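There's a structure below that I have some questions on.
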Amino acid sequence: MYFYSDNCGPMHPNVRAALLAADEGFMPSYGNDPIMDEVRDQIRDLFGAPDAAVYLVATGTAANALGLATITKPWDTVFCTSLAHINVDECNAPEFYTGGAKLSLVGSGDKMTPEALEQRITGYGTGNVHTSQRGPVQITQVTEMGRLYTLGELRALTDVARAYGLPTFMDGARFANAMAALGCTAREMTVDAGIDALSFGGTKNGCAGVEAVVFFEPDHAWEFELRRKRGAHLVSKHRYLSAQMQGYLAEDTWLKAGAQANANAARLTAGLRGVVGLEFVEEPEANMIFATLPRHAHQTLKAGGAEYGLWGDLEGDPDERVMMRLVCDWSITHAMIDEFLDLARGLT
Amino acid sequence: MYFYSDNCGPMHPNVRAALLAADEGFMPSYGNDPIMDEVRDQIRDLFGAPDAAVYLVATGTAANALGLATITKPWDTVFCTSLAHINVDECNAPEFYTGGAKLSLVGSGDKMTPEALEQRITGYGTGNVHTSQRGPVQITQVTEMGRLYTLGELRALTDVARAYGLPTFMDGARFANAMAALGCTAREMTVDAGIDALSFGGTKNGCAGVEAVVFFEPDHAWEFELRRKRGAHLVSKHRYLSAQMQGYLAEDTWLKAGAQANANAARLTAGLRGVVGLEFVEEPEANMIFATLPRHAHQTLKAGGAEYGLWGDLEGDPDERVMMRLVCDWSITHAMIDEFLDLARGLT
Amino acid sequence: MYFYSDNCGPMHPNVRAALLAADEGFMPSYGNDPIMDEVRDQIRDLFGAPDAAVYLVATGTAANALGLATITKPWDTVFCTSLAHINVDECNAPEFYTGGAKLSLVGSGDKMTPEALEQRITGYGTGNVHTSQRGPVQITQVTEMGRLYTLGELRALTDVARAYGLPTFMDGARFANAMAALGCTAREMTVDAGIDALSFGGTKNGCAGVEAVVFFEPDHAWEFELRRKRGAHLVSKHRYLSAQMQGYLAEDTWLKAGAQANANAARLTAGLRGVVGLEFVEEPEANMIFATLPRHAHQTLKAGGAEYGLWGDLEGDPDERVMMRLVCDWSITHAMIDEFLDLARGLT
Amino acid sequence: MYFYSDNCGPMHPNVRAALLAADEGFMPSYGNDPIMDEVRDQIRDLFGAPDAAVYLVATGTAANALGLATITKPWDTVFCTSLAHINVDECNAPEFYTGGAKLSLVGSGDKMTPEALEQRITGYGTGNVHTSQRGPVQITQVTEMGRLYTLGELRALTDVARAYGLPTFMDGARFANAMAALGCTAREMTVDAGIDALSFGGTKNGCAGVEAVVFFEPDHAWEFELRRKRGAHLVSKHRYLSAQMQGYLAEDTWLKAGAQANANAARLTAGLRGVVGLEFVEEPEANMIFATLPRHAHQTLKAGGAEYGLWGDLEGDPDERVMMRLVCDWSITHAMIDEFLDLARGLT
């Protein structure tokens, strides 16, 4: 019953198979492997962007920090939500990689509205050397609270960015989950929605550790390559990144795995609706569930072997409600879900 | 005939087996996997340093840059050779990670002498706010020209560092090759030789991508963890790093692979002695061979399918001598070596 | 009628006299001038801190950025208000000098409460490598809205900082105005109130350009000196900074000038109370006045030659209320104030 | 007898007069003062560069670091001499302001040759992500050893830079001394000689603390303004910088002061030729003299009250030769020079 995160499961069989197939003989290093050529073409096709610059790195923070830094000046401020991964979970990596840019928080939650974004942008004047300068708009899809921006919501945000001449970057650590949930194409959720660059996550969805960074505007390509090397993120035996991505892209593995993760979360959600005392914090839309339960219920669940994130201590007032996060990846089994639900239902 | 680099070969079977064994079920992320606990203990045992702080990262540049930065202030200068990887091959990663420290080059080659080191150190005064401040001494073992520091040579360098109160860092990207060549213990080549911290390479010696960073003084541990996260080098599915290192350490795989690489290079070296017109730039001591040949010989070799590094153009004056680098990893076969030698011998 | 800022007036006669007196013959550079020795002692005496490290720089942003950076790690977050100068008016200088630290905003205004501060601090856990780490608490006295923290309020904030082991830094760009208004000693407003380090402003209060940075804990001294040099803020003909501070300290010039500035603002405030349609945004407590007037009133004032800051356009709906900032330094004359008031009273 | 440095003397009367004249009434801050408009025009005229971007800062290190950083990428290397101020005397300020660029040293002395420069440049390939990237060529005029580049020598260096598409930056801390010595125009020594940007020093030549940064290509203007503010080098009461530069430029004060400093050094040099045992390290060409004397001679000079720089200890083998630096600014009197010579002549 492991619902702690989608970075705790094994490789998807297709990813594993591709990794093993690549583990033979000699191959050029540092991204010059032929598998990367294939992967680059496939990703360009996927996004309908034949000129896109496509790169691989081993961590999601690297994808976000390097990708954002490439379109941010050190004196800029990045517009993002308070709960954005880049604000909350990366130990100042964006500030480090940008050379000291600031993050300006839009709202207090996981989703930004066009109105709040515009207000935040116009809070910074132009031509004024004293303030931070207006920089990129960063959008996380799926959000940190497991919610989605619809295509219309994305477009509304990027329209604001466009109106002020600001580039847009999507944190797509759970890109596949979002696309599966929205039922749209990769191009619709990015190029057509006004996104300039993104990270395309693999690690949380069946890979061992690989994320693509995609710039639809290839002018940034060489600078990104220098930033990646300088950041120590150019992997020497790059074939092992390429091969993971190759297996991930083959046979729509990535999309199917994202859909499977969502379906797992939906099954879990449906079951949780019958749990007395449980309240959803947000209506789950992808593969993450945020809900509250009284502390005594958590104590029982944890004692029963359930693993998940808890926003508070396990010890304390037994009736106090404490927030939990349950995450499903593609590898969660129905048996695990049902075992958890049985445990949860016995709580009342 | 792939002698281009030791980052072009496949995983060692033991590393591959450990990676696959770890690819099952759920495991805590971000270095909290139980395999890492095992690996940490093994590395402490290996170096006879029960308190050492031990971390894993995915690239050699990350190991060097993060490790060095942890013991360098932004206003310091690092003492290293002109040919050091951190000076020549990392696109300013050390400067980036240290927040703008300088590298002061000791000599013009791949090895430093105690005299040259001391002269360089004393070139910077103390208590003078105008100059860079004296920082760590960085030593590469095996050097970039494939040579070794003896234990005595290492001790002589660290004695100088110690005399000036400066910490020492070893770039051990080819640590195993060095140890196999010297026939000493890991502790003799580090703790006993006055090394304070090092990178312990896996990638060039049979791993897919993993390097350990070891601090014999654990005071730096927490700062390193923050630097690693901020640098986007804390891998989420960390078990895949841990497992590589587990397989690498098991049954002395690392040392045997290093010895095999050296033996391969020795076989190649022995054969090359009979090649008319070939001159060794340095007497090979580990798994790298630097030699010169007339350009026409390179043209024949390349036309015959040999892959290796060339310090110059393939086109030009046919009689001009051009330097080549031949590198052997553990996976190079006798057949490949002999095929290359046959080709080379036919050159005269 | 120049109420635009307190950085627009001339030198105080005492400062000017000291500057001129120092402008003779030869003197050691880079802070080794004998005037600095005198100034250092005087500042230590002023704060009752015989061991304090005392330095001079030429700009307020340098004092804040260098001072804060000395007690902040790159992975830390600084706690300050939303309106803090370091957040709003320094073009990411704090982020630059700290090497990429973050600012965490406490509340939405110019003053922080102990409750809000504590909530913000505890929003960051400890021992968690993913988040920014808890860093210094930064307090601006006089605030950006012209208000004061009482000694009790300061103590309450620094008690929170102390409880979490965090250092405190005071932006004292208007230190003299604050002290004059509170009627306390320099020691009471700093050391006794739990402040660890501060900038002690001269520029806005009669100097041409000099700020002292004071660390009550001298352990930071050498690091600050290196940071100052590296930041290009170690002035070579330092005597001209020292001399300004010498004149500023002599005969309590600084305190009298601050009191005069406050008195000027009080006279202006008293007069403004009779201006129909004017509303104070905050009750003025030092030398700055924030108030709103209908736009048409601003148009009349500006047409009449008044200079001050306006938070909005001069053109637009004539009845819309627009915020103004009026700042008095010591050099503002009664005649200027009365002229402005006459103009303002004619507005109704 | 104060020959320690040209940053130890008083303000030139013309500079002082302009500073005092500006110290009256209210004036816009942050560079918006009308004096700056006048100064900008004068500097553009001086260089025959009507579009040049012109800025003032308070220190030479700021002028160098901000100016260079504006035309350097963090992954670049700057080409300069081993003895360049930016390499030796700025505590990693260039590395800090560039965000971690490297300095590549051309030769081991104070002057570079076109051949050595080209060799250093071509030592870095292009399109190779592993190495530092080729960045600006930095030239110091007058050099750190008191020597000059002729106009032809400057042109030869900038021709090399141009051939590789690299920008050029001149450290003109002693620009006036160089121009006075060469007898050329400001335009001849910069624009016509292929210089793209420079610092134009005032501090060492009669100002209290002001340097201009000039970009002949104004595309860099806004970025420089942001960098200056972020670096905390935008002075609020900017009129005091403007006024110094105004007085410095008026009546060719700057050029006359530079010529006077050179004449003072020439008088000193002529006298030193008669001092038995003294050997010039370089033939003096501007306002600095480097020579060696036996230690016992230094002991006598120092005991006699002479102040100058010494490259070694005052105690030790009395016959060992130790290098000295004697610097003259415009304010050195004939009496001081003659007193020093009398003392020196009595040494034999």
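Which chain is which? They are A, B, C and D, in the order written, and residues in each are numbered from 1.
The criterion applied here is as follows: a residue touches a chain if its C-beta (ideal position, glycine included) is under 8 Å from a C-beta of that chain, and two chains touch if they have at least 3 such contacts.
Small disclaimer: the values here were computed from a predicted structure and weren't measured.
Q: Which chains contact both chain A and chain D?
A: B, C
Q: Could you tell me which chain lies farthest from chain A when each chain's centre is the average position of its Cα atoms?
A: D
Q: So which pair out of A-B, B-C or A-C basically repeats A-D, with more than half the contacts the same?
A: When the contact pairs of A-D are compared with those in A-B, B-C or A-C, B-C matches.
Q: At what distance in angstrom does the C-alpha mean of chain D lie from that of chain B?
A: Comparing mean C-alpha positions, chain D is 42 Å from chain B.
Q: Quick one: report the Å distance separating chain B from chain C, using the average Cα coordinate of each chain.
A: 51
Q: Taking the mean of the CA coordinates per chain, how far is chain C from chain D in Å?
A: Taking the mean C-alpha position of each chain, the two centres sit 34 Å apart.
Q: Would you give the residues of chain A that are in contact with at least 2 other chains, written as numbers and ranges?
A: Answer for chain A, listing residues that touch two or more other chains: 30, 74-75, 90-92, 96, 99-100, 129-130, 133, 226, 229-230, 234.
Q: Which chain D residues qualify as touching chain C in the complex?
A: Touch residues, chain D against chain C: 2, 4-5, 7-11, 16, 20, 23-30, 57-62, 64-66, 90-93, 96-97, 203-204, 208-209, 226, 229-237, 240, 307.
Q: Sort out for me which residues of chain D touch chain A in the complex.
A: By the definition above, chain D touches chain A via 30, 73-75, 99-100, 129-130, 133, 225-230, 234.
Q: Note which residues of chain C are touching chain A in the complex, please.
A: Spelled out, the residues of chain C in touch with chain A are 74-77, 88-92, 95-96, 98-103, 105, 129-133.
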